[in-house]
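As written, the chains take the letters A, B, C, D, E and F, and residue 1 is the first residue of each chain.
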């Protein structure tokens, strides 16, 4: 099977025209005429993922994140991007990226995260450049915020940081908004959607705190202190898409398809994650370091 | 004591001209002639911090983060910023913010974090608009990355997310770079400083992973896989500055000064933080959800 | 009656979506749940207008000009904007602004000025962001420029500067273009509308002189030396809208509504306004100071 | 005498390098070799000024305002700028403009206005692009605002609009800031200069009102309600420079030099300038039109 | 015949609204009422073309290229643009420019070049601002690249530089894309049009070489090494439009119309144009200067 | 010899800090540890140059022009840039580019062109980002423009287009300005340098014609019709640098160094280069095609 044939199937699943204009998707390395017998799937095209591809004899790596989102001016091995391109080319390993076009596909990244949240029918969270970004839907029945987060955590691959939650663990959630990847630019859409909880990743202090303050102001005016926030981890939440992609490719192409065993989450371990803080209802809160 | 007198002391400690040009520091609410008897210190000017000030009878709140970094066009209570301004004014509580000017002061935010990291003498990490941002220094003696992170965690106030670490727990660290607050724009300076570990906060997936990939490429070329990364939490790492500020104000002003008891970290709890993941050397790694 | 109820009526009269994108309209201070019993109307939200509201017991001030067109970063009383916000909030006085959305409404600011000019049916002067700005119409019968200006002056509230006119006092005018507020960006539209006279305010030397030079060039090519210019004063011309608004609110809301007695025109008096210059047909023109 | 010789003297008086970067000064029309016997001086290069030059046989017009500040793409007579260029060229009349370079010269535009205000020694109001803009100085002895304005009006050429004043007629003024031409961008500098009154022109409603509100806020905080504002008229205030220029050229060049008799102020007459409003202390204020 | 009448006919032939937004077309000098008896046509409004107009008694020059594409701030004779404007005005010669509006007209500049290339029916190369730019069509029968270039050269006026060609002289060409004037921004459109050869002018080293490298890469992937490039000269290729314009004007207006005899191509002669290099199939290639 | 050693010598000859900020110089492909035995020098890194390097066994190509001046987002072989990167990497051929840093070096690109023009001592034409760009110098004795051009042509490698000249063949030239590569942005500097002739490349119709019109206007005012223009060809003029670089590398490194035999000038042949046009003094000028 030629690389061009695999690319053709990928572009049916994830049409490049559905990617956002700032994105860089498609074939990043390889010759359309080269043969493909084995494919490796991963969230990020890291050096270790490429080394795994070489080790297992994969001809093609498919990732969610682009290798060259910002253009490069050198492929010398003195930079990580250059070293990665060099490793790909000298080992005849092709690379294909499906990013925001995979986010919006169905099945796709947003849909996979919606399933993990327990949502069936969903509607778009927002629209950007004529594409529907993120999903919003109703749970079959309301659950507590803590139960919702634990159920989602069980569906995600294990990660060092786990799932961070902002809000009352006993608050009820029924309407869920979600956006794969970094989501701190879409709080206004989440509020317009009247979601009880927002599942996304890479939330930073200021946007998260400002969103919670808006919820607090709404509560003071007689409403609910929502949306709550769930940061599911960038790598973990987007890796949910890979098993579905593996099945799609296996059913359409006569190639071997595997999931990478490399965790490309940058975080290796966490310390100071106090047991009592995980249970804010515990009687004795920790008294450590500063602010005492 | 008039508010103007307190402001005068604060502007000696943290000259407004040392703030970055995009920042918004100084007196945010209040009349210079109003009396000040009691001061409350916090990282963020949230609604709950203002309510605490009202409850304890504080006339002035001093925070690190600006309330109005982006200009506002309304103080109606229909937005969180408007509700916060309204609460301050109707309760005669003044607000003063010292942000990037407090970061660069000595004593100040960067210096407090350096102390918590175990650094004595330090030099600047980088220079921006003629101000020294961040610090770099050598530990008294090398320690493992895990030991370094645990020591830092013990010095920080407890937080739901704890301290996230990227790198080999057994790797040795001696040279430390640090920057209070969100630090993912300064990786180039960290590499120039040849630091073994970079302590900061609010690191996102892409910048953190790209920084680790550069370290991985350096390792392939025969060097060390550094800098390691330590995300100490935005609120936790910057709250280290508050006790020192309390002492400074007590020694210079005849007012009562207290630390806020409100944790303004947006994260309330974490789930899925697997014990075995915290110890990557444990024999049986978790097998959950996707990617199995 | 709650503030929210008054806001609801105002947003029917002047839908916020009809404001220009750069404008800042709507509720600027106040809590939707606070009671409103008395309303004060003014062109500008100055400190003296707020003091008048406090003095007469008004709960709400409605103005044409936004208080916070440019965003603010502090409400400390050390700036006029901060002092105004503080006065409003500590006295529980709400503020609502209807600016370019009131300009385009009917009845509204443009319509009120058209009536004062003696126009019945009118059409739009130009269209910006899908909104009709300014009006153009025909007088019932032609009059001299001087008569036109005097009739308009009689309809305007008295002001120090009066009404400035550029053009031949004896020239005939029949077709009138007008734009409330500062109008020196719309001369091209006025020429396209083939108006004999343009009524607006805040005209500066260069735009006014260039517009008159175009009229002079047209005259040299055989046409009329028009459009003439009438600068009716920014405050005076926009205050024409207030009595109509008073009637609208009285008819729809059970609140007391008054017009502010504060003239917010910045000009207090004029000197050197020579009587002979007001009558350029007088025999002996003044011979003063320079250029003699 | 060749045009080049006149240009040489003008560039000694007003070096082009001292003009602001956005300005367009120097020779606008003419051939350096053409003869010059008679020169006409004016504030603006209008069609009537050019016609006067042709009528009196002037070979060169020198104006303060540039004819082509914005670049032109056509000199066809269908626009006023094109008609003016055409009239100049077909009649062999050259045009030279000295604008911001004349503002900053001594003697120059700023100095002439300072003299008319009664100032002897002055210092710069502000610095822009290394040039000193505007002047600040002390009167020989304090006078009331009304007396100051009347004295200035007597020194200015008569104009339809006269001199507009914002402030208490009986307020005392001693320290004067001034800027020829449109000055509503320099209020911050005027406040830094601690001037009692600011003399400039082309002040618009919003900047003037905001400046007066800052003065009002200062008064509330215990200071003086200053700076007062004096709008002396753009044409009138800048025409003060012309007689001095005439003397300079007569003393240095063997040419006839005259002042234009064309008033290029766009305003021809004023109506509704109520006598009682000119004297706000008069018992019965006018009750006209709206707001009654 | 008045100039206005000629302008009216020109604006029917080349509606100004069909010009690109950055262009500056229409009447550049002259008074609509002035008489026109004789018209001179040229590609560029140079000083020598104006001198020719004066010499032959032409009242109007019509050119393709705008005289004042960038706005000017002076018409003094010290610049070439000023000298040209002055020469036009003092000699009562009007100037009219039809540029991108003439490019897209039919008959027009693109159509004239298509005819010279031997194309009958054509379609647009690309669309910009709703206007069709450039043409694409099929030759009646395929010819070699050398024969195509020679046929085009025979149709063009003689020029110093001749016609430069990139590609195999013996390659077959059938589908032709063309764009009058500088065409190095439209290579992507040319590739989309699947043209064998692209005829345009003012091609620079980098864009031309990159376009040829794309053709080379296509050839390596099994395709043809096309499009070939033909640089026909900016002046020469656009002068093809003038004879047709002469006939159009003669048929519609009672004026004398002539073509300028001034070659406004800047290049006067070429040296080092080796005979053997013109015939790359010649046995002995030259061995000169560097690189030997 | 390692690639790192060659890079070290190249960075001494052409320090990267002397390149313009928009440029992209240095190591573009390769691993600093890979061995280098044979080096190939060329102006452009085309596919044929890389093929030549592979054919002759070169480990490193050094070119003047950057391969990746604009960043790339893919190295797939579907684009020429991607195909070139792939060919380099799969064949273990490194690429190094010295562009604007080689222009300004001595010996370097500008110096080599100055020598070919017959200049000994030179001074800079202009300064950009603290680097001296281009050269200006005096010939040992004046020559005619034709003789100057012919002497330069003899020093250049043969090219299809030869050397294009604008100006009187019999005009005398003594002072020469030059800039390697595309030079149509530096005409103002050339005029300031009072050069008789400007040698550069890639001159387009409009800039070249406007420069010649300024010369024509200067001539009308009594000066010389200069600077004349010489377009020496982008590839030809910059290839002059390569032989000197070969000698420098041979003297400093124990590697084999060769000049590429590939002409990377995009132009293959020229037609219609009429013999009589090359000699504008010939009696019978050609009468072809249009404009007859």
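The rule is short, and it goes like this: a residue touches a chain if its C-beta (ideal position, glycine included) is under 8 Å from a C-beta of that chain, and two chains touch if they have at least 3 such contacts.
Everything quoted here is computed from the prediction, not taken from an experiment.
Two chain pairs are in question, D-E and E-F; the one with more C-beta pairs in contact is E-F. Same interface as A-B, judged by over half of the contact pairs sharing residue numbers, among the pairs D-E, E-F or B-C: E-F. With centres computed as the average of Cα coordinates, no chain lies farther from chain E than B.
Centroids of chain B and chain D (each the mean of its C-alpha atoms) stand 53 Å apart. Averaging C-alpha coordinates per chain places the centre of chain A 49 Å away from that of chain F. One simple way to say how far apart two chains are is to compare their mean CA positions; for chain C and chain D this gives 27 Å. Touching two or more other chains at once are residues 32, 77-78, 221 of chain D. Within the complex formed with chain B, the residues of chain C that make contact are 24, 26-32, 66, 68-78, 82, 85-86, 89-90, 92, 94. Listed in rising order, the residues of chain A touching chain B in the complex are 44, 46-48, 65, 77-80, 83-84, 116, 146, 149-150, 153-169, 181-182, 201-206, 208-214, 216-217, 220-221, 229, 231, 234-236, 239-240, 242-243, 259, 264-274, 277-280, 285-292.
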